[in-house]
Amino acid sequence: MTLKVDNLQVWYRTMRGDVQALDGVSFSVGDGELVGLAGESGCGKSTLGKSLVRLDGRMRHVGGTVELDGKELPIGDSERMNGFRFKEVSIIPQYAMSAMNPTRRIGRMVAELLESRGVRFEGGQLDELLRRLELVGLDPEVLDRYPIELSGGMKQRMVMVISTLLNPSLLVADEVTSALDVSNQKAVAEALVDFRDRDYVKSTILITHDLSLAYQVADSIIVMYAGKLAEKAPTDSVVTAPRHPYTRMLIGALPEVGVRYDTKRLTGIPGSPPSLLDPPTGCRFRDRCPLAFEKCVEQPPFLEVAPDHAVACWKAF
Amino acid sequence: MLRLDHVSKNYRVGTFGGRELAAVRDVSLQVEPGQVVSLIGESGSGKSTIGRMILRLTAVTSGTITFDGTDVAGLTGSRLRAYYGNVQGVFQDPFSCYNPIFKADRVLELLREPYFAGLDGRQWRAKVEGSLEAVRLDPGQVLGKYPHQLSGGQLQRMLVARALLLDIRLLVADEVISMLDASTRVDVLNLLGDLKARGLGILFITHDLSLGNYISDTAVILHRGEIVETGATELVFGDPQHPYTRSLLASVPQLHRKWVRDERRRVSEPAGEGCG
Amino acid sequence: MIRGRNEFLYFAGRNRKLVAGLAVVTGFLVVAAVGPALTDHGPNDYVGPASQPPSAAFWFGTTTFGQDVFAQFTHGLRSTFLVGVLGGGLAGLIGMLIGFTAGYRGGAVDEVLNMVTNVILVIPTLAVLLIVAAYLRVRGVIPEAIFIGLTSWPWVARAVRAQTFSLRSRDFVDLARLSGAGGRDIIVREVAPNMSSYLLMTGILLFGGAVLLAATLDFIGLGPTSGMSLGLMMNNAVLWSALQLGMWWWFVPPGLGITAIVGSLYIMNVGLDEVFNPKLRKL
């Protein structure tokens, strides 16, 4: 499958005006690729993930197109998107594990969900479900339990299985590991890779604020800043040879085991991201960028500087 | 300075309070001036409970907590206030620590009457500005604003400034940076490192090993309420002895080092007591 | 996210239920304040021909005894508002006191206060009132208000207790404790202000409830022995067969008045809920 996003613009309606959450984002995801979408809070990564599946009430599709396998996705029209959701594009939303109906046994919930999509839950489907539960390390009897009886990690894996039951082409996983403990994080992230390896999903977009987590499982990483893409490259290139100053400073601010305050002081990035209500012209990072120069008042395009490696920075061209 | 001796905390759970849950089991540790002790554990390990017991927000079931030799459990009234003049805490969610209907600097104002009643307006303002500058905040930018107008990093630093106003000797920092962005986390961590250099003792509670490794002298690894390993940070992280510590280190995602994939095995976990 | 007081006022002005309800109640309040001055006779004075329908001289007509229904109505409104404020206010005070204490302290104190609340809740107020009425030969508005206040507070206590429980475990309360603040200070300065919208709505409900309860008591004859109130008007109307005699002007105004006031108060509350709760708003 292929996903092509072209100049996507999605805005939020608020009392104080329109927040330009996604301002002209273009990229593509290849068949079988696990892309890590990394960025800090407010950069628009969650908005991007959500806009590929379902725009919520406050979001507005202002411009740009999304093409899945050559077909244009009607992301602005929730009714028409209904035909694509769950079957071609699926999402594991943030806080999904807290969103399971607490008064339903899980098996019953899955059955109702499938029936609402027009799929009969019996025979072959049930076997497939059990097979997948075993893949992620869950006991079949979990279907007879209520959500409150499961731990956080188990709930998250359950939600992953449910979201991928109909083998969607594209899976969007929004912060699926943030609320979990370290050991569960590893299990859930590895389960995502397993799903791709077993062909349950074709491609995955993993949205996370944790760059090190993306490094562990993603094939390529996209770094976002203030509603625009900053850099996209294969994982190793992003981590060992980042071209965008923001990516470089971000990596420089991550404490690692083995790095101590008295031996090597890390520095953060001073300042804070610009408000997206009235974004500044030109490169949005220039107020905080140590490399900023006169050309930065003009927004740099997101261009390829090396095979598969695209950056939006005048200094990188 | 701070000493925990065989401290335990039990909760009654279940319908009609039939069962007992041991949140903290027989924990003993010490914090000296100018020393940073990292209390590392996953959720359910009891680390926050220990922090709350030290801050007298939760009662101890058994064992003693002493500060400079005095048992903190029995303190009330003015002696408790004096204790809070020496020991303060900063918590995880900067936005929830501020009463949303008031201005942010109210957290500093709240200390004026109990501790600084003798100061006049000018002296008080000078003291406040001094504290804010010590945490590298610009008084002009943060005074007089509401919490939602400031960033998470600024709010956390203001909470540290509040603690510094009192000239404390021990700071309990409970997950203080987990809700901050990566780019601002390091600034707050560096601030804590600077304070440690000036003689402040810090109990740094976290679930993130890399953070614990960055500034702490001693590491205490907590698992289900018990201490499984403790010692100098370089030793605990460099050569972990306990299998839990080893598995924790192996599961932490790190840049420049990929995970080792486990072979498929059934993961059997007990159903958690409430959410994680 | 709160943008200060302005956000509430902005939404309050736009909310039709709130504005309409407030207008109706204010209208009646004005009538209660100004009305009695418009007539130069008392509500029980025999001033006109008996059983007259509304006319230019007597806007609401007269009763079987020739009393001015309009004068009765305006005096009755005053009494109604008075009982509402006093009774509702007393109930609110007791309920909040008990609710905050039980919610904040927890433990044994909470258990005891809960028991007290439950006991008052299950006492059949009407039965008690009948007994009290049998002993008190003369009853006034103040005792009626006190009685209403002493019996209407349990649900307030329950609700305030529940809210206090949840607010008390919030981080900013912990921070206040770390600043050396005592229980009472924390409740007054941290907890109550966060519940201010809820307390306002509770106050409105108590006011409406007190008005309704007073009208009910007056209607069955357990109200004040002197003075006039809307419920008493309806009581009299029934006693003197106004319905059968077709004297609609005697019972329709008080009935409509009570319905309009209490109904508007409840609608105001629904509107206030929308103003305070961002999720219920339509942008």
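The chains carry the letters A, B and C, assigned in the order they are written, with residues numbered from 1 in each.
Keep in mind that, in the parts below, contacts are C-beta pairs under 8 Å (C-beta built on N, C-alpha and C of every residue); 3 or more make two chains touch, one makes a residue touch a chain.
Computed from a predicted model, the values in this text were never measured in an experiment.
Taking the mean Cα position of each chain as its centre, A sits at the greatest distance from chain C. The interface carrying the most C-beta pairs in contact is the one between chains A-B.
Work out the mean CA point of chain A and of chain C, and you get 53 Å between them. Centre-to-centre, using mean CA coordinates, chain A is 31 Å away from chain B.
Chain B and chain C have Cα centroids lying 48 Å from one another. Not a single residue in chain B touches at least two other chains. Touching chain A in their complex are the following residues of chain B: 42-43, 151, 153, 181-187, 189-190, 193, 207-211, 213-215, 233, 237, 247-249, 251-256, 258-259, 261-262, 264-272, 274-276. Note for the complex: chain C touches chain B at residues 1-4, 170-172, 174-181, 190, 193-194, 196.
Put simply, chain B touches chain C in their complex at residues 55, 57, 80-81, 84, 88-89, 91, 93, 96-102, 107, 110-111, 114-115, 146, 148, 159. Chain A makes touch with chain B in their complex at residues 40-41, 98, 134-135, 137, 139, 145, 148-154, 179-183, 185-187, 189-190, 209-213, 215-216, 239-240, 249-251, 253-262, 265-270, 272.
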